[in-house]
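Order of writing sets the chain letters: A, B, C and D. Residues in each chain are counted from 1.
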Amino acid sequence: MTLVPLVTGAEVAYWICGPIMILAAVAMVLFRKAVYSALSLALVMVNLAIIYASQDASFLFVVQIIVYTGAVMMLFLFVVMLVGVDVSESLVEKIKGHTIASVLAGVGLFILLAVALGRGLVTGAVGVEAANAKFGGNVQGLAALLFGPYVLAFEATSALLITAAVGAMVLAHGERLSPKLDQKARAAARIEDFVTNGVHPGPRPNSGVYARHNAIASPALLPDGTVSEESVSAVLVRRSGLADADSLVAPAKAAFASLDAVQGDSEEDR
Amino acid sequence: MLLTILALVPFVGGLVVWFLRGATSRYVGIGVALATFALSVVVAAQHLGGANLSEHHLWIKAFGAYYALGLDGMGLLMVLLTTVLVPVVLLAEPADETGRWGAHVKVALVLILESLSLYVFLATDVLLFYLFFEATLIPMYFLIAGWGGAKRAKAAVKFLLFSLAGGLVMLFSVIGVGVSYASQGAPSYLLEDLAKLNVTPSVEMLLFIGFFVAFAVKAPMVPVHTWLPDTAEQATPGTSTLLVGILDKIGTFGMIRFCLGLFPDASRLATPVIVVLALISILYGALAAIGQKNLLRLVAFTSVSHFGFMVLGIFALTTQSISGSIFYMLNHGFSTAALFLVVGYLAKRRGSVQISDFGGVFGKAPVLAGLLLLGGLASLSLPGMGSFVGEFLVLAGTWSRYPVIAAIAATGMVLAALYILIMYQRTMTGPVTEQTEKHITTDASWLERLAVAPVIVLLLLTGFFPKPVLDQTDQTAKQTMTTMNISDPVPAAGKEGK
Amino acid sequence: MTLLEGLTPVAPTGLFTVAWLMIAIPLLSAGLLLVLGKMTNSFGHYVATLAPIASFAIAAVLFADLLGRPEAQRTVDASLYTWVKTGSWTIDVGFLIDPLSILFALLITGVGSLIHVYSIGYMAHDPGRRRFFAYLNLFIAAMLTLVLADNYAVLFVGWEGVGLASYLLISFWQHKPTAATAGKKAFVVNRVGDLGLTMAIFTMLAMFGSSSFTAVNEGAQHLTPTWATLLGLLLLLGACGKSAQVPLQSWLLDAMEGPTPVSALIHAATMVTAGVYLVVRSHAVYAETPAASLAVAIVGTVTLLAGAWIGTSKDDIKKVLAGSTMSQIGYMMLAAGIGPVAYPFAIFHLLTHGFFKANMFLGAGSVMHGMHDDVNMRHYGALAKPMKITYYTFLMGYLAIIGTPFFSGFYSKDSIIEAAWEKQPVLGALALIAAGITAFYMTRLMIMTFWSRERWQEGVHPHESPAVMWVPLVLLAIPSVVAGMVMNSWIGGWLAPAVGGEVPEHASWVPTITPVGLVTLAVVIAGVAVSYLVFGRKAIPAEVPYTRNILTIAGRHDLYGDAFNEAVFMAPGQALTKAVVAIDEGVVDGAVRGSGTLTVGLGAGLRTLQNGYVRSYGLTMIVGVIIVGLALVIGRLV
Amino acid sequence: MNPSYYVILAAILFTIGIVGFLVRKNALVVFMSVELMLNSCNLLFVTFSRVWGNLAGQAMSFFVMVVAAAEVVVGLSIIVMIYRARRSASVDNASLLKF
């Protein structure tokens, strides 16, 4: 089978895809939201695939799109969804001068790479046509390599993938950090708390029930007539203070008083 | 083979003890230590009978390192010192369950330490020596860190850092020696080969300094002595006994065997400096001992002073002084053991080693007081005690070469009387104090007496009949003098004079 | 030279081969008593008393043997075994039995036996009696080693051994802080002296390659004058320490804290005279060095005056006797310093002094026994009546020490004064004056103790001591009286070969009347008279009277010897000690800790780089990559 | 086409990846930056494969992809786990690895 170039003219591909890749990569770094970053990266990868193709690496072109862009990047997106799409980063830099230093380091590294790689460069390229042709195509050529000299490494990667899959399952599987407390244990803990801290082991008193009020914000009265603060949720107390028990009782008292008065009258009548 | 067996018996015993528990571990440990002692007596008998016990196997070909063991007079004495002190220490110290690890671990560590020390004294290959020289630090570190005072962990680290720093400097020299020798022919680390080493004076001096620094840290010389008081204060008295009695001897042992044996010219050049350093050690250690408030620290400082004497004797470079030094090494092991162990007995009762916490102990425990006095008298080199013969020969030998130095060093004898007797007076004599009445309720038990007895008996025996020991020390001393190509000063006004 | 003839030792025969038993028996007894402990509580003191008696028996037999020998064969060297052999040095444990050492052995074992017997009574109620006897035996063994040794190294073993025994016995009642301190002081001061002796031995080993008396005697004449003088001075330092001579005198007075038998045996009769023995033994060295000899004589004279001076002002009976001991030993040292002529006199006085001073010390012990252990003479008085035997025996000692004609001290002391007068007139004159002072303070002691009126404290009922105590007193009083007469005609000739002296011409029990002798007698009588005039005619105050007399004040303070030591040695020594401890903790260990702190600080600084942010670590890594890459690139470029 | 263009492009992408890795705090974006760097390396492999006419470079590139896939799987599950535990995906929050 003869190789059909998917893109004609590597230069066209380079000059179109190259700038897009750089822009997309920069965008990936700069986007605040992870989703956008992921999509930018996907863009970079697709463009990279095109450049692979332009360099006669048709197998990698396919793999790059299917595996990388298709699988890996989708995994990223899933995780982004899991972790929270709208989680945006804090803009405050905690490490002093870190951004500037990072950028400087990046520039330094770029210069270093440029110099180092530049010195080792050759101007011309042999091209892989001959190599591809040797076994009858790019895929066949790679296959000959993978199942020939690199077969051990290839097998090792299979083990690696299995391990990774198992590892991912194990890691993602949520596990209790502590054993579940049963009723017995809870009761014991409550008594323990009572013994050591003197906390009342039983349930708290209910809220008060008055003639006109039975809301949970109304405090209960203890037998001696004092207010039981326990009976009202601490949150409610903090928000609006303890309701005045006297005012709550007042209507009932007034009613009793009027009843007494009525009864008194009738006794007098008798 | 006998030497290897001797050195390995305690090691194997230590490993076995590691897996035992309770009282059994202690009994087995003491049994192993006694068996080792018996074996060492056999070794001594064979050696004195003229048998050549040395062993020789190639170990690392590329370096020329050998598994080579051998005995000479000094080595034999050090081996015996080790095999005597270990059972004594095991006997004297009760099973200590208050430590970080179980009591059986301590016994095991002591036995392993014994094995490694024996290797140090037996090795006739410099690399092998260095290996065990450093290896002894491991059990010793854990012995210090595991049992004793509250700040023992700190003390253990200090000990380790000092020793490692010294050992590191020595490593440079060990490598240097090997490399220099290899550049002259087939590589070898054998002592007998290295003695033929031929290097420029400046290189020799550097190599010498490397060895000397390590040994000076070991045999605590001022100013690299500060680890010893701290360690002795925190470690248990038994551990201190092993540390000062055996491990520190490696320092002086090494000076004779390696510094003088391998670098005669450099040693000669360095003599004035080292003699003065030794002198400083003697006086400084003694003065510091007088001023101590803690019994264990005091004993440690007396050792600094005594090691000063030993180093002085070694570098005075006369047969008598070197011989005396070796003799002193042996007896110092016994005398410090007596002191440390008795202080340990006291500490066990009183729960403190501050001098001010005692007073009038004699009234409650005369035997304990008597034992402390005996140890003290050995420490101040009373004639009749072995330590006297050592100190006397060191000073007499030094006098024949450097009268002024010897005269100054001799004042250490007066200071020794002061630090021992002041300590004895403050702790043992006077009216029985309230604290003493409360805590010192029992006198020395039979077991305690039994543990110290061999040490005292040996001190007296070597004091009255030192000749058999001196024959051994003389052998090494004469050999050293031959290697150094140096001869004793001739009596100026003897019969030969005119 | 006749000097050396006597010192060619002959091989031991017969009993001489077991001469070492003299030492071994008491040593063994001491060891048994100490090791067996409480088991021997009931009978230990008898065993211990038998030990010196056995040694005395051996010594007596040997002495008799020597007496029967011709002069040239009286020096027997019984070598036991090789003690130290290293390099070219060989030191044997050997015993030299010669006219000098046998006399010492007799004195030590004889007086020692009596004092053991006395102690049975004196220490009867002491809970530590067994220990006391063990120490006494130890002392006897050490002292015999000292005098019988045939070389200086073994002598030194005995020398330090008696120091140890002295230490143990002075601080025997260790529960008394004063006793413990006194013991320690004695040991330390003695050690200073020992320093001299050890250095002398070092010198001998370096110079002669041996420390045996024979080698030293032979080699001494080859010494350069400087070394000879140095050797002489070093030996003198040793002698000063043991014999409590100025400037190392301060321990002796404090040593009276020990039980009285100890004071009698060790601090009067035997150990303190070891210094004299040492000087006399080293006669060959001193023969080479007039300077060192003169130093010995001067030290002796200064001490004899100082001791007498102290004796005049003390109220403690034992301290008066101690001062007197110092003074008498001063006489011996003076004699030893004069030279060969006076060596026999030094030994002669040593022996007589051993008798009468032991007698008086035991007498003082007997008095104390009767006075509830009170030592203050101001609380005594009129004891002649209740304690008759003690009084009469003490009187014999008194008459002997002041030099009453025909008593023992008369012969020995007068000989010394005469010899000094002849050779060193100035020192002789001073010695003569001191004889007067001796008479003065001893008369004062007699007046305050036995005569005058009673000033007893309440509840004290003086009584005579039991027979076990007074029998030794009587046995010691006899030689105090007659020893002089017996030995005067004989000792010079007997000792001459051993000490290198010349046989004196006038040698008879009848004292030769010389001008100096007469003057001495006059001075003594004057001393007694003055003492009587001062103390005898009016009542003795029971309290220490106030005085402006500078001499008395100085005497009461031991001539400020302790103050001097305190100011010159102790205070700077303590300051030095403190400084060393401070330096050790601050500077030396401080430097160590400082380097530790520095490392920790450096680490603390560097660890802020470990801020926990992965990005930061990443940056560090990238920078590292850049650096490595740069290095590679530059490497390629270059 | 001259291979050096591709090399420069790869270097630029790598540098952007580095900077992104260093400055971003969101663990996911950091991870993406790492992927970017891997990709830039792959580009170099492919380029040099063409330069030398040898398919081994492309094979390496393939291996890199496999490893990257494995790494992404494990890495992302770790991120998920951290997010579960801490409710945050910021790398700055996981800053316990310090003194």
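List of remarks:
Note that in this section a residue touches a chain if its C-beta (ideal position, glycine included) is under 8 Å from a C-beta of that chain, and two chains touch if they have at least 3 such contacts.
Predicted model only: the values in this text are computed from it and were never measured.
Located most centrally within the structure is B, per distance between chain CA means and the overall CA mean.
The count of contacting C-beta pairs peaks for the chain pair A-D.
As a whole-number value, the distance joining the C-alpha centres of subunit B and subunit D reads 62 Å. Work out the mean CA point of subunit A and of subunit C, and you get 95 Å between them.
Centre-to-centre, using mean CA coordinates, subunit A is 20 Å away from subunit D. The geometric centre of subunit B is 36 Å away from that of subunit C, both derived from CA atoms.
Shown for subunit D are the residues in touch with two or more other chains, namely 18, 22-23, 25, 92. In subunit B, no residue touches at least two other chains. Of all residues in subunit A, those touching 2 or more other chains are 94, 98, 102, 105-106, 109, listed in ascending order. Contacting chain pairs (ordered by label): A-C, A-D, B-C, C-D.
Residues 607-608, 610-615, 617-619, 622 of subunit C are the ones touching subunit D in the complex. Listed in rising order, the residues of subunit D touching subunit A in the complex are 1-9, 11-20, 22-26, 28-29, 31-33, 35-36, 39, 42-43, 46-47, 49-56, 58-59, 61-63, 65-74, 76-81, 83-84, 88-90, 92. The residues of subunit C lying in touch with subunit A in their complex are 611, 613, 615-616, 619, 622-623, 625-626, 629-630, 632-633, 636. Touching subunit D in their complex are the following residues of subunit A: 10-11, 14, 18, 21-22, 25-26, 28-29, 31, 34, 37-38, 41, 44-45, 48, 51-52, 55-57, 59-60, 63-64, 67-68, 71-72, 75-76, 79-80, 82-84, 87, 89-90, 94, 98-99, 102-103, 105-107, 109-110, 113-114, 117-118, 121-123, 125-128, 130-132, 138, 141-142, 145-146, 150, 153-154, 157, 160-161, 163-165, 167-169, 171-172, 174. Chain contact summary for the complex, subunit A toward subunit C: residues 94-95, 98, 101-102, 105-106, 108-109, 112, 115-116, 119.
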